[in-house]
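Note sheet for the following structure.
Chains: A, B, C, D and E, in written order; residue numbering restarts at 1 for each.
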Amino acid sequence: MRPVELELGVIAQAAGSARLHMGATDVIVGVKVEVGSPSQGAPDQGRLQVTVEFSPCASPIYQGRFGETYGEQIAAAIEASLAPGGRGGGSDASSSGCGIDLSKLLILRGKTCWMVFVDALVLNDDGNVVTAVSAATLAALRDTRIPKVEVVTDAAGEEELELDDSPGSAWRLDVGGVPLVLTASQVGAQCVVDLTAAEERCATSGLHVAVNRAGQVCGVTMTGRKGIDSSMLLLMMETAQKLGPVLWEQLMKFLTR
Amino acid sequence: METDAKAGPGPGSAAARARGRLPTQLRTLVCERAVLDRADGSAKWSAEGSCVLAAVYGPRQARIQREDAERAVVEVVYKPRAGLQGPEHKALEAEIRGVLEGVIPLGLHPRTSIMVVLQVIQEDGSVLACALNAAAAALVDAGVPLSSMFASVSCALASEGGLLLDPDAAEEQAALARFTFALPYHFDLTTKGAAAKAEAAEGGGEAVVSSAVLGARCGGDFSPEALLEALALCRAGCGRVAAFGRLSLAKSLQALGGQ
Amino acid sequence: MASTSTTATVADDVEAEAFKRLYPEQFFDRFLGEGVRPDGRPLGRARAVTIGAGAITSADGSALVKVGRTSVLAGVRLELIRPDETTPGQGQLALNVELAPFSSPDYRPGRSATDAVSGVVEKLQAALLSGKDTVLLNTLCVAEGKAAWKAQLDVYVLDADGCVTDAVLLASIAALRNTRLPLVRNTKEGNYVPARRAEEGAAGLVEGCPRSVGLGRCPLALTCCLYKQHVLVDPTADEERLAECAVTVVVDQGGRLQGVYKAGGKVLADAATLLKCTEAARLRHKELSGLLEQSLQMGAEAAAER
Amino acid sequence: MSAAPVGKVVGPGDKVLDIPAQGTLRLSAGLTTHEGGVVSTKGGVLRSTRNGQYFLEGRQKRYIPAEADVVVGTVVDKHSENFMVDIGGPFNAVLPQLSFEGATRRNRPNISSGDLVYGRVVSAHRDTDPVLSCTDSAGRAAGFGHLKGGMVLQVSTSLARQLLGSPTAPVLEALGGGLQFEMAVGLNGRVWLSAPTAATAVLVANAIAESEFKTPTQVRTMVARYLSAVG
Amino acid sequence: MVGVFGPRQSEVKLGFTDTGRLNCEVRYTSFAAARASKAEQGQAEAAAAQALSQALEASAQLERFPKAVFDVSAMVLEAGGADAAVLVTAASAALADAGVELHDLVSAVQVVKCGGQLLLDPSLEEGGAAEGSLLLAAMASTGEVTHMEVRGRWGDGELREGLELALGGCGQLRGAVREALLAGMEERAGGA
């Protein structure tokens, strides 16, 4: 793995933000929180939405629509790692035990909740964007402070929200269960991690594996035009499982400093 | 260039219709030709409350996607009086296109497209018939070859059971069933034909209206007998529309010295 | 020897196929001259029909209809709404017909899926809703002015091989007849909600709420192609393309006509031809309504088992 | 044969006359035969020429090329062998670069796109683009060729036919009496005019355009009025 | 139930590519599954199309068809659980039926983890109650995995076990699809 450099709080307006360099790859992530209403399907959970955008100067290929679709793919992968119940999963985070506990984001059942928006911007793409975005997201989420809200029932029986603005009372999200997404790629017959952009062009296929701090797999998606042999697949997952906790520790070192 | 003709009152029981119209009486028809400068042919056809403006463009080179190497492509655009096109208008377009394809010898102009744009100006019943007649007049004005002329008339089956020719919107609304027929017609100008109809009215003899249907659109609740009755009534109506159409054509060609 | 004879038949096959492609009219004329059609049917015979009522279990009512190779799937989705203020005693029925991308070689992505079938939608609308007594909207009402069912009828044309209108109408009728309206419960807050199966017999159920979509009549369509002097009943897509002239007749169970449509075309239809088409449509209605009852019966049994 | 209703208004599909048992019948624009009779395909007035040819005279705007028509066209493109010429029909016409008097492979006419040509239609089959030529059948220019300067006037095809017909159209006769100008009339409804002064050209153009719906006497008074106004 | 497919070759309009492309489109009927809004349905359709093209791309010998596009359009008539897997299997069968040269048939299965148990090809209810799911598309004869999606937390052994179960399922499914295709071809040969 290439060395990682991390900066926190780079966007003053955001609830939490982080900028991450991984070699020449440069990613900036901002987190915004808002009060909104929960989705009908999950009335007792908050909402989380991830978008990934590519700066047109990140690489010439991101001019036009390609960046949009690629960004959506990455966003879907990240979102799935953060909240497995989000897109088409059907299971909720509390039972699967990884990602963010969305039920903590609930304010009033079925009526109000926190909506967390994670916006990632890729400033320069030199490979392994998914891991970079994932790590930066983790850092930004950890940096995020959510104001305390209390529900007050007034005389008429109406429920009202009271926002506590003091910085002391704000709480942080528990990111202990958030997995990191590592990409293992197949180049020829080798399993390689953390590719640069040039190396990525030689890879026939890649596996995005979400690994939590304990080295357990929390989600896998695949990319590339070629299939992967099943034994290779296992090898790739093992590699990711080994590297996951290492990267996690590395990040935590930055974050707790 | 403007011509009026009252279609003669026909026999029938005197049911109460607006403005004392008889059940088998058409509304007053007006047809103006060559009303648009940019179109290759155009006509405005109105029957009192209903009025349709038709413009014909072509035959001109078809767009590559539409082009047919063996025949001309007919395109119809139907613009409702107000609002956007809905599926019912698309269906009308298809219907009108079918009728026009039936009378235009498409093989004569391969690789071309003939576009007919119909703009409804006023709507008060029998709009499809009005649009078809306007399209026919515009095609003649454009000089697009036609194997035959056609006329179109609507009628409605009133809830009391009688048939009403050329219904207005209120009559259509109240009707049990609505019929619109398009029938081809031509005039026989040969000596033989003329002799057979020596007593026929001035203006080139009575129109020969085919008994076979070019296009039909009937909806509601009716028996096959009612269908045939409606067809017969509309056929009579088409005869009068044909006579009017010829009169209006003759007027528009007066400058050329036609009689 | 054997090998040469096989090659000969293969060559014949190829030739017949080529002949059909190059001179479709002559190819067709030869068949009609013999009184048969390319698929072996006599001119007046319609194709075999299968009706699968209740084909989709996730829909509130559904039917899969096949007319020859034409296949159409209709499904009904129900929703409780507050009725329109102008018609407090009526529910609503919304119609939608879509062409599946793989249903016809004419389909091109990008063009709206409903554009190509606007004529079908329009005829369906006329057959089901304009008569005022075909679909009885008042049977969809649960509590006047307060709650009524909105039935969303979506019809998907899976394979279009001629006579799409006929199949769509048949599937729509079958799906509507297959629809079971759930019981409705009046909650404490005064909201009307559909009752779950387990709650049947529980308190708060609305008295006398409707259980099925009322149909005053049963209109079915038959399309005939006019080709030269022939009348071809229930044409395939190839025949429709060649004949360029079709008459669609919609008729109800009593033999009353609900619609007659002829969209121009090269061939004129005189009164006798029109009568022939209506007669064929009546016969077809008898044949289909038997099948329909049978299929609905089977669909109801299957539902009861579940 | 004399029974033909010449001068009558005819609509599309009308049976105009029976095919005579003997003798030849010459049909032109707007007429075809169908089931033993002569049938019109357009609306117009039935006419016959002196040599017994019948045709329909209508007021058609769109020009459909026919063989032997003379046309005024605009060159829109120049290929290695041909010019593409817009003659107002559904398709552009092809004008071979060698169909000019005296043109050879080495000596090609100096025409570029935007220029006007006066030519005749040598082939007008419906399945191919029409072909023009700027020579008569003997290969001489005979008045055809590049039209330099001047202006173009768009009139209806029937007026163009009148202007080309004989006896000379009254408007031309009247104008010719008092003014000097050159003109080329195409059956496609385009009239090219060239006059010593712009005023003359405009006057001629207006007079021609207005003459369409006037009787010969009206035309003569109109022209006289124009001429007196110019002085 | 998954609708039939009609892939066809069409001229590419988006510039030259030296290999062919798969253009996948997936549509759900409005009554296939309970979905709240049109937007949600559109999202699900786009995601399914994305997964489908990923799963199929590796199997088709696209390098043999330069400049060509295969339109694969699918319609989900009824979603009764594991629809993505059925979608992939059916689409691959349709590609083979259309005579597109493939390395092998792709078959896909879904495995869910439900109360510590692994369930192959879950129903809608089972899928809803699961703690983790695994979607695997593979070319069974070579054991090459063309698409994989894992959700939820999986222990080390569990994942391996799930993979093996899924691969076994793929193999079974491939046999069934192969037989169906052969039967279809024979029928056609007999008919001609």
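Definition applied: a residue touches a chain if its C-beta (ideal position, glycine included) is under 8 Å from a C-beta of that chain, and two chains touch if they have at least 3 such contacts.
None of the values given here were measured: they were computed from a predicted structure.
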For chain C and chain E, which third chains touch each of them?
none
Just knock out chain B conceptually, keep positions unchanged, and give the connected chain sets.
A, C, E | D
Quick check: more C-beta contact pairs at B-C or at B-D?
B-D
Using C-alpha centres only, name the chain that sits farthest from chain B.
A
Using mean Cα positions as chain centres, tell me which chain lies farthest from chain D.
A
Centre of all protein Cα atoms: which chain's centre is nearest to it?
C
Distance between the CA centroids of chain A and chain D (whole Å) is 76
Per the C-alpha centroid definition, the whole-Å distance linking chain B and chain D comes out as 33
Roughly how far is chain D from chain E, centre to centre by C-alpha average, rounded to an integer in Å?
66
Cα-centroid distance, chain C relative to chain D, in whole angstrom:
56
Residues of chain B touching at least two other chains:
184
Could you classify the connectivity of these chains, where an edge means two chains touch, as line, ring, star, complete or other?
line
One finds touching chains in the pairs A-E, B-C, B-D, C-E
In the complex of these two chains, what residues of chain A are touching chain E?
39-41, 73, 76, 80, 84, 87-91, 95-98, 205, 207, 212, 215-231, 233-234, 237, 241
Residue set of chain D touching chain B in the complex reads 3, 5, 7-18, 30, 34, 37, 39, 41-45, 57-62, 64, 90-91, 126-127, 157-158, 212-213
Contact footprint of chain E on chain C as seen in their complex:
13, 55-60, 62, 73, 75-77, 96, 100-103, 105, 109, 152, 154, 156, 158-159
Residue numbers of chain E touching chain A in their complex, please.
36, 43-44, 47, 50, 54, 57-59, 127-134, 138-139, 142-156, 159-160, 163, 167
Tell me, which parts of chain B touch chain D in their complex?
34, 40-41, 58-61, 69, 103, 105, 108-112, 140-149, 184-193, 204, 245-246, 249-250, 252-253, 255-259
